[in-house]
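Shared between the two complexes below is chain A, which has chain B as its partner in the first and chain C in the second.
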Partner chain A sequence: MTSAVEVKGVTKKFKTVTALSNVSLTVGKGELFGIIGADGAGKTTLFRILCTLMLADEGRAEVLGFDARKEYRSIRSRIGYMPGRFSLYTDLSVEENLKFFATVFNTTVEENYELIADIYTQLEPFKKRMAGQLSGGMKQKLALCCALIHRPDLLLLDEPTTGVDAVSRREFWQMLGRLKEQGITILVSTPYMDEASLCDRVAFLQDGTILAVDTPVGITGLFTAPLFSVRANEKHKLLTRLRSYPHAKSVYAFGSSVHYTDHRPSASSEEIMRYLSESELQEITIERIEPGIEDTFMALMKTDDGSHHE
Partner chain B sequence: MRVIGFLLQKEFLQIFRNKGMLPIIFIMPFIQLVILSNAATFDVRNVPFNLQDLDRTSLSERLSEQFTGSGYFQLTGESSTSPQALDVLVGRNADLVLVIPEGFEKELMRGGSAQVQLIINAEDGFSAGVIQGYTNDIITAFNRDLIPQLPGSAVGAPRQTISVRSSAWYNPELVYIDYMVPGILVVLVTLVGLFLSGMNVVREKEIGTIDQINVTPMKRYQFITGKLLPFWIIGLGELTLGLIIARFAFHVPMLGSYWLIYLVAGIYMLVVLGMGLLISTLTESQQQAMFIAWFFMVIFTLMSGLFTAIESMPHWAQNMTMANPVRHFVDIMRRVMLKGSGIREIATPLAILTADAGLMLTLAVNRYRKVSD
Partner chain C sequence: MKEWSSFVGFVVKEFYHIFRDRRTAAILFGMPVIQLLLFGYAIRNEIQEVKIGIADLSRDAVSQAITDKILSSGTFVLVKNPQSHSEIQSAFRSGAMSEAVIFEPASDREIQREGSMDIQVITDGSDPNVSRIITGYTASVIRDYLSESATTVDEPKGVVPVPLMMFNPGLKSVYLFVPGLMALILMLVSALMTSISITREKESGTMEVLLVSSLKPIQIIVGKVVPYFLLSFINVVSILVIASLVFGVPCRGSVLLLMAESLLFIMTALSLGMFISTITSSQQVAMMISLGGLLLPTILLSGFIFPVASMPLPLQVISNVIPAKWYLIIVRAIMLKGAGFAVLWQETLVLAVMTVVLIGASLRNFSERLE
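On to the complex of A and B.
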């Protein structure tokens, strides 16, 4: 057994909605694997199937070498699952929550303390506080501790950083890095593109279909069209103007600038500048840049969109 | 065992931390017993009554005095015509009008029979029945006392050869509190079992912790035991509190055995807890669960014979009550407390309760799944 998660042709439908369609995925042992996708892409459904809370309609899911449908008992004692929504007992204290989850996994807090020590020391001052009264970042840390307390081989983290401030997010990812060093395989989903580059490999999930699976570097390698970062005094007008340019492949807002890709591999910034200066736009700057993960994702989404609607 | 033990500890910790719920759990038995058992009485006293004496003789006066002196009726006015009497009834200034026609005394003295008219407000059929019973008693007594004094009696007025004398057994003074308290204790236990247990599991669904629990290797029986046992204990605790209040505050007799009551209550709690759990598996929010639980609670209570006699229900309804666990427990409580029935006498309802418990728990346990589709 070399892979921690093996998903083959998994399909899941809810009445009229297809949450996952023919998804196949392999996560290697010891990997920090990211599932990137917008809300409603099917991330949570995939996680629920993997942690044996839900059965797939079709296909097969293997977790740590066990079949998710038949050998769910073996899986449950070996995984740590952290649902997207904070779901610990708000009316129990930090300490009591941790002790509760240790007990239901037939272990004790002391037994695996060194695994969570790093995270738990930050919670220690508040150990008598009710979990419901913790800040968002602290809640995440407690949830992670509770998911780790039985030393799982695989961590399933469903959007652990959604709704958490930037500093806590960075800290959280640092913690994941240290857990990975301890040999724990981590499967994490996130709607944030910037977090994708922190993973060993990522899968892009869109409308229940996997668009691409690769390393962050490999993913950006999929991006071939020339990419320009364009700025001007009026962003909205700039967007409209660029969209009406006949060679435009894609135009989208990216922070304070606009990212523009061209159909022609030989496109140059001078040409675009010439086109834009014919309008009343001012303070125009154009810069050729290297694509990031988000650009790749936008491009992948676009091709996917096209195949759906045409 | 360690897991169940810890689960229990956790549940009790949460229950005792719930500042909104805890006082209610302990105050409820007092409020229910004190208010319900006093308010829900079938005693009809001080019925406002209107007199229409068209005879105005000493005999007619004697009859009306029998009414006012009985303690059941209170004279609120007099009328002289039928329309007036009707106005009084409609205006609810009286629930009973006694009409003594002209010539009442003359008829009686002549040795014949005289008639009086009783108009009873029967909006509430039950009270009307009770009022009619009282008036019959009064008139019978009036006849009995009067006949020997009447002139015709010597010539051989029909003498009553069979006299019916009724006496109430097991509740000789017909104290309604004695009758109500055992039933209200059942309602109390049902509330705890049905509402608290059902809400508790749905709450875990609402806050999402059920997912966390479901991915643990915890066994289904462990989870269910951990969830139901605390309320089983609280339910029996409430019953104890209720029995103490019944005994010392209301002086309700306890002729049977407490052990038997607790045996039945233990089984009965399984029925309601099973129902609560079943409701929680079928619902997604506490609101839904509350609504469904309330629906059953109302039907069960109304059809339990607690407030209205089952014997006076239509046949189909009587048959339906056979499936009603509240009915059987109310029945058993009354029989054991007031009649001192033993286990042999209550075997049938007890067997039905046991079957109900088995059915409910099986259904609920099967419906509770750790995996959703």
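On to the complex of A and C.
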């Protein structure tokens, strides 16, 4: 068995909404695998199916070699699950929460302390504080400790960094990197594109279908059209001006600049510059750039018509 | 062994929840005492200090003697001596008076000659319960007088009933309330609190994490129930102690049997709470069901305040599914009548069957997954 998670053709419907449609996915052992998708893409449903809290309508899911439908008990004791919503006891202190989760997993804090030591030392000064009074970043660290306390083989983290400040997010990802070195397979979902590049492999989820699965580098390789970063004194006018350019393939704001792709593979910045300088825009700069993950995702979202890019 | 320690950990966590939430702790420990004192002291069925007006048109020895007897009973307070019917009416309307007694002129001559006399008793019928009780009371005072003075005239004729209130000769309402209150408080603590505490885990998302742990569903459920079982039992004991020390309510039957029956009723209420929590996923709905679906019937339909026998047939039928009705019968029988298990096995069986059915239904309903 080399794969930690094996999902084949999973479909899940809620009344009229299709949360997942024909999703297939393989996560290798020891991988740090990212599921990238906007809110409502189906990330949480996929996680709940994997941690056996929900049953797929169609298809099958195998976690750590066990069938998610029939052998759910074997799965439950071997995974660490951190739901998207903060799900610890707010009226219990940091220490009490950790102890509680250790006992319900038939272990003790001491037994696996070295696994969480790295994270828990940051929480130690606040160990008497009620979990409800921690900051967002601290809460997530505590939740991670609680999910890790029984030394699971697979960590399922559903949007662990949503609503957490930038510094805590970076720290959180550094911790995931160290956990991966300990041999723990990690499946993590996030709506933040910039976190995708920190994963070994990522899957793009959009409206319940997987658009692409690849390494971060491989993903950007899917992006073929020439990409330009354009700046001018008035961003809004620049956007409308570029959108009315007949060769424009896609135009979208990207931070302080505008990313522009052209239908013609041979498009040059001089041509675009010529077109833009006919307007009243000033201080125009155009630069040909390499696509990032976010550019690729935007492009995949646009071109996707249900077919898969693999 | 390890499973046991994780179960103990779970129960300890429940106690943290209970004692750290002031509202929960207040409901659990404050409510029983406050309710008992309220019902015991403030809310009573006994009639005291009835405002009475006496219009004595006869002014002779007989009317004077009856008036003295009425006023010396301690139940009545003389507020005025109305002179006319219109005065009586306005006093009733303003609420200054709740009863008027009118002696016709020359009552002593009448009683000498005919052995009977007319006394008119008028009460404020807008409060029928009070009216009925005070007219009854007035009539008995007068009857008393007549029987005492019977030596001077002929023996009273006809049938004279001599009532004796067995088990509660003073008709103290606290005897009525204590068993009812026990049922009410146990329902509230056991059913309401358990259903809320389970749905709270569902609502806060912690149930998700618990399900994906090594805990078995039965451990989760039992772990939720055990703390409330203990606390409810403490409540039973404290109610009984207060009732006996403060209000002098006796326990004529076996205390052991009473405790055992109370434990059974606690189990029934807990399994009801469990069942409610398996069919709802929000604390609010659980609370609504518990309050509307359990507390009101427990107060209104169990025979706590209104006798079941005087309800219309459909309500009598419904009252059979209310656990408190059976528990009330049991508690009254043990505490006041000193009844034993031989008399109460049927009621006990009903409660036991209810408990088993509810536990079965909750286990079947408890979902190991999210809906």
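The rule we apply is simple: the second predicted complex is superposed on the first by the 304 of 310 C-alpha atoms of A that agree within 3 Å, B and C clash if a C-alpha of one lies under 4 Å from a C-alpha of the other, contacts with A are read in each partner's own complex, and residues count from 1 in each chain.
What we mean here is this: a contact is a pair of C-beta atoms (placed from the backbone, for glycine too) under 8 Å apart; a residue touches a chain by one contact, two chains touch by 3 or more.
Fair warning: this is a prediction, and the values are worked out from it, not measured in the lab.
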Legend entry - Joint occupancy of chain A by chain B and chain C, clash or fit: clash
Inset, instruction - Give one of first, second, both or neither to describe whether A:101 is in contact with chain B, with chain C, with both, or with none. - result: both
Inset, instruction - With the two complexes superposed on chain A, say which partner A:38 touches: chain B (first), chain C (second), both, or neither. - result: neither
Inset, instruction - Based on the superposed arrangement, let me know which partner A:76 touches: chain B (first), chain C (second), both, or neither? - result: both
Inset, instruction - Once the structures are superposed on A, label A:87 by its partner contacts, choosing first (chain B), second (chain C), both or neither. - result: both
Legend entry - Partner chain in contact with A:253 - chain B first, chain C second, else both or neither: neither
Inset, instruction - Report, in rising order, the residues of chain A that make contact with chain B in one complex and with chain C in the other. - result: 48, 51-55, 72, 76-77, 79, 81, 83, 85-92, 96, 99-101, 103-106, 146
Legend entry - Of all residues in chain A, those that touch chain C in their complex: 48, 51-55, 72, 76-77, 79, 81, 83, 85-92, 96, 99-101, 103-106, 146, 150
Legend entry - chain C - residues contacting chain A, complex: 2-3, 5-6, 8-10, 13, 16-17, 20-21, 204-206, 208-215, 368-370
Legend entry - Contacting residues of chain A [partner chain B, same complex]: 48, 51-55, 72-73, 76-77, 79, 81, 83, 85-92, 96, 99-101, 103-106, 146
Legend entry - chain B residues within the chain A interface of the complex: 2-3, 6-7, 10, 13-14, 17-18, 207-209, 211-218, 370-373
